[in-house]
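Heads up, the next two complexes both have subunit A, just with different partners, subunit B and then subunit C.
For the complex of A and B:
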């Protein structure tokens, strides 16, 4: 017997509309085996483009399959960053807070970091201007590649089917 | 002349009333609870009960000597955050009490697994929003000395602002006010001044008056709940009392309180009536034990949602002083009772990964299980297992009021449990019940053995709607001195409420230490005045308060029986132990030796003899006074004994039940038709309207002259 949640419940989960009692039940209950497929379906409904989602990658970012078979990182608003194996951050708009003045825009005086030691890198979606990710690293540190999914193995070994 | 005792329990869905006369004859009435005006449901429930005697309320009420209320309306008001609009004044800097809480309040009541999952933790919605929390500067230190004077102008400003926000009451809770209430009193003075100036008046609740005990946060919770949820109950009580008076009742309605006694509806500390449900059973068991000469009792109560366990040792139960309720830590005395497991309505599920059977933690409650089609439940429950095995009669639930569908139970068990495990549905259902009963048995054993006692010295009482069904399972192999199932098991909590004395129990934190007279005689001598002074003043003050409370009910001071208690711990340890003293004032050094001796006896019983640590010295944390007024109690039924063989008519039918992997022909009896003295040998099922008593193969049950069954395992 496997647990399965109603798709509307999962839709509310995605939109943050579940009451705490229901959310608590979801967190504490048994894992539903079909969660991935249902969530992909929900995400697919929520975007305006048609490329099928292979994997939600990060907030507002998905790996999609293009008609020619390429796997591409694409945002909710339709911006296509790069191939799935590449780091999408290299193709996003970047804003670096590396002076005291810029850091103080976010943190009150003395509560922020020393720009000699640490900087904030903000990555924005070029189409919508939405902040997607913030990196806090020492100056000169390579751009972090957060997540490099092995999509083929995930589909084959975890979902038990080939990548569509 | 015939006299009656009435007790009522206004639960979330049903209001039960219980009437017993002085021969022990009783009836139980039921009606839907009417939350807006509980007296309506009460009236209907009374009519339902007395109709069984063919009597009108007007005929019985003039002869009711005692009326006890218990109910959940106060708790619901708290859970639904529908209490009064309050303002709170605290020591400046502490205004975020309700936002920060104590960490433990973010996961109270959770399962162990959930406690470990931080993502499930959640802050409570504050009873009083941040903008109505006002800070006032000033400080009393832990010795009760004024370290910073109170800024009275800030107090006045705070009260003025709160009044402008239209508060209906003001709670004052300052640091260390339990040692010295001067600053709280000053806030009250200031408030009265402002109210007069503004021409507005709202009640003021001082923590130093209501709950002068340590731990400012738990104290604030308690005082706030008193003002927030308890105070509005007085109106409900009045309506119920009025309805009783209309029926011709002359008695004063009293309320069951968490310390195991009843108090007046006019009592100052009404918040302790918040928790009364499971306590009734313990009080009833203590009374029944005293009547039957049984001092050591394990109380076990199975309802639809939980299994509650409590111990009575030497005729007394123990009391917790920091219980939690509705996700609040409180400072109230609560009869020590633990909810340790699932109830008959608990859902049964299979972990999809490990294929392990799990119970609850949620339950179908009044919707019973899959067998109750109208209930809309979609997961099988323990009741479904009982139905398909023949243990429960689908046509006798609540005396046949609800007809259950056995086929639905069978399908659910088969599809959800049996098939995935590759088992026969009957074997699967029996396995589930065995697992459940094993779990309960382990809990029972752990409670008794964990306290250093042994089951052979205890008698187990089983009650609640589901207790008698499983009692044979969870007592087998434990060798209790006796296992008792009262014929009125389902109404035992209500019966228990009727057994409670009229009792106030008040406490106050003192925190004075003394050295050991043997190890440090000089320090012991030196500390005598301080300790005796604090204890005597504490007891005297509390006695006066108790007297005041009883005076509200017109009780004469001469009728009050005082009992003087202390809570002590070794200096530096964390858990205190309660002891009762045979004197009402400390006069001589020998009195303190007596205190120490009693403490050490109690301490070694609860922990161990080798853990005694007299070198640390002793700390008296709290002084307590219990004022008890004896009231009329229900008489135990007493009938002449008949032979062991039940009447031919008592046997209703022969029904197959599944047990130990095979079907047995079980004799089905109707409980009402059994006579005292009858002995029923298993396999048999004894059915009553509100409970079912299972006597499995290898066991026998004897009904005694008091209508109490004694269950015996023949194979043990």
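For the complex of A and C:
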């Protein structure tokens, strides 16, 4: 069944302003095949830079095409981290909660982790100080690469068009 | 209804279709899928496309029959786990053992029962012990096809004249399985020999009746014998109701149409999942590891072989390929061990399956077609595919549940990329504290119990809303805490209170759903053995997009308490533990207090008036907490879900108290505080490359605690790929080891 949603409905979805009834309808109904293009348009409207968005990668992070053709991970505030296939976290600011005192800033004592067993790594956007990801891993664990998208396959084989 | 049964209690040669054996049918089914990529080689779904109304009608008949079987049969059970919590489900299978349709309920087992049926076929049960009309088979062996010993299957063949046309299966969770300690999932022993009553795909009934010697064996070998035996009858009744519905359906549509339908339903299922992946997924690779602690070095109640500190490693990777195939891999998982949390491949497959039903394919039409559209890599010798088949698996869930939280987060990243924000969840929290135990109960009888409050945890935050409080379990989408009074009838522990627990929600722009806690007091029993289970030193789930995990757990018990005196004197007593930094238990009760992070314990003795705090989990959060609506933070504090002193350090929200005593957010002050916090974040953070350089030195020096070091060593030993990943990331020598 072909379904399409009004772009204002999707804007409200992104901003958390959709009524419960409409949200329920989106969840339980058939999915709209044109969602990707509409959401990319909405994300593009939400940032102040002009590089075209190829892929919303994570909250506040996008893969964009630079004028020279490179695909780069870029934040809402314009910080450019790295090429799309790299792990953006390796180019972020990181703060590690690895003492009881630091963990207890977020969790009452005994509701958090033991820093000998696990640490919280907080990855911030270097321009805005926004918290982009919290990694909970034991000491010595390699930084996790959450998502390595196959953009070429998506556009070519799933959307049936070349990558912009 | 035995009118379709021609030869009760006699062996029928070649009971498969067209005179084949079931083994032939299963092999042909596997071969043709391998060759064509389609279930049974079906390229055209003739009924579905040519007679869609008929197709849907048959499905509705079968689905309705399964749901009805569950709703009717559970009334036979006396067990609150089954009757109130709903820990049962039924499913219909093809002759080869693929599920066609299923009821509601604990549907993780739909695929594990498929594995049990295939085991019987592959092991030539047609010849010995025979598969005939009226036969009843039972299984609770996870190495054959089950999650763990407590989940008991009943499987009955469905014949039409002399031909096997399918199987009906039912599963219930038992309160006690006759393990070395009381409870349905006891642990602390080293291997299978403490797991309890094991029924390995066994013929336990003929002529639609249980063998009396089988029932007597059950009575003799479990503590809660009434519950076990009534649950046997619950499952058999449900299976018979399913069989009746199949007969009615065939009488209406004809045998040939029924046979064609069950093939098409599974191929449709496969195509649906592939289509869903292409519709909502994003091709690429995802990484989402999780961990859980087992702090048993000083726990003298566990077997000497298990008495050590251990960390489980679940290095989940998800891959979506261009053809819509969804694959999971746990390559890099560490080794199995002498505890009860090892996990056979069957439950891992089942867990993947049940997560699909709650995420990518949340439709009542899910069936084993999903199995043909996915794959899962489970390294041999690891905790999720042990190379020693006598491992203990009573509490497989302890490792399994955390290991799949990353699956939901990876799907969330996929949905975000595609724009389906309404589907995003930060994942689920784990389902504990798990309280089990037993002893001489308040009626003076030997007994055992497993408290299933665990089926109500907070849910993960969504992209557009907070998680829901105390309502769900990853293994049963229809969670129910059960009535306090029912548990008090079953367990010799009073509830001093049950309520929400502040600061269990994972923080975020949207926070996780709040968790709960109960405070229990042993009453009218001289002694009980009690377990507690859950993570204490780690977070076993995680948030997403800047959200934090929900709470970890802790142990807070008081032995030899003065509760009897407090009650006699009508003095204040605690109803909950509350804020652990200002514990109500510590403030009001005297006794031998145990208050630490060793949430996961072996079977410890308790006496009358001892207190036991049971802390459940809140859901993980989503997004930067500094982006949360300040008014929502004030509401959380007013509602008792967030301790006031954490509003500022977590959320940057400045609260003021109004004349009515309620707190409100000072918007201007909050804006200024958040700006200052963002600046402070950047000031105390470092460039990631500097962190990597610093942490590398720590790795090189081996300055990492023993269980984590042992985890790395084990993962590197079992997986050369993971070893190379670890060494490459930290720029270590090719022969580096701890």
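The rule is simple: the second predicted complex is superposed on the first by the 163 of 164 C-alpha atoms of A that agree within 3 Å, B and C clash if a C-alpha of one lies under 4 Å from a C-alpha of the other, contacts with A are read in each partner's own complex, and residues count from 1 in each chain.
Assume a contact is a pair of C-beta atoms (placed from the backbone, for glycine too) under 8 Å apart; a residue touches a chain by one contact, two chains touch by 3 or more.
Given the structure is predicted, the values throughout are model-derived calculations rather than measurements.
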Subunit B and subunit C placed together on subunit A: clash or fit? fit
- request: Could you say whether A:158 touches subunit B, subunit C, both of them, or neither, answering first, second, both or neither?
  value: second
Check: subunit B-subunit A-subunit C angle from CA centres, nearest 10 degrees, reads 50
Does the superposition put A:27 against subunit B (first), subunit C (second), both, or neither? both
Look at A:90 in the shared chain and tell me whether it touches subunit B only, subunit C only, both, or neither; answer first, second, both or neither. second
Check the residue A:3 against both partner chains and state whether it touches subunit B (first), subunit C (second), both, or neither. first
Shortest distance over all C-alpha pairs of subunit B and subunit C after overlay on A, integer Å, is 5
Residues on subunit A touched by both subunit B and subunit C 27, 31, 33
As the complex stands, subunit B meets subunit A at residues 111, 113-114, 117, 119-120, 122, 349-353, 415-416, 420
Residue set of subunit A touching subunit C in the complex reads 10, 13-14, 16, 18, 23, 26-27, 31, 33, 35-36, 38-40, 55-60, 89-96, 105-114, 116-118, 120-124, 126, 128-150, 153-154, 157-158
Given the complex, residues on subunit C that touch subunit A span 278-280, 282-289, 291, 293, 311, 320-322, 409-410, 413, 416-423, 463-465, 503-504, 507, 510, 536-539, 542-549, 551-552, 554, 579-581, 595, 597, 622-627, 643, 646, 649-650, 677-679, 681-682, 684-689, 691-692, 695, 698-699, 703-705, 707-708, 711-712, 725-726, 729-730
Residue positions on subunit A within touch of subunit B in the complex are 1-3, 20, 24, 27-28, 30-31, 33
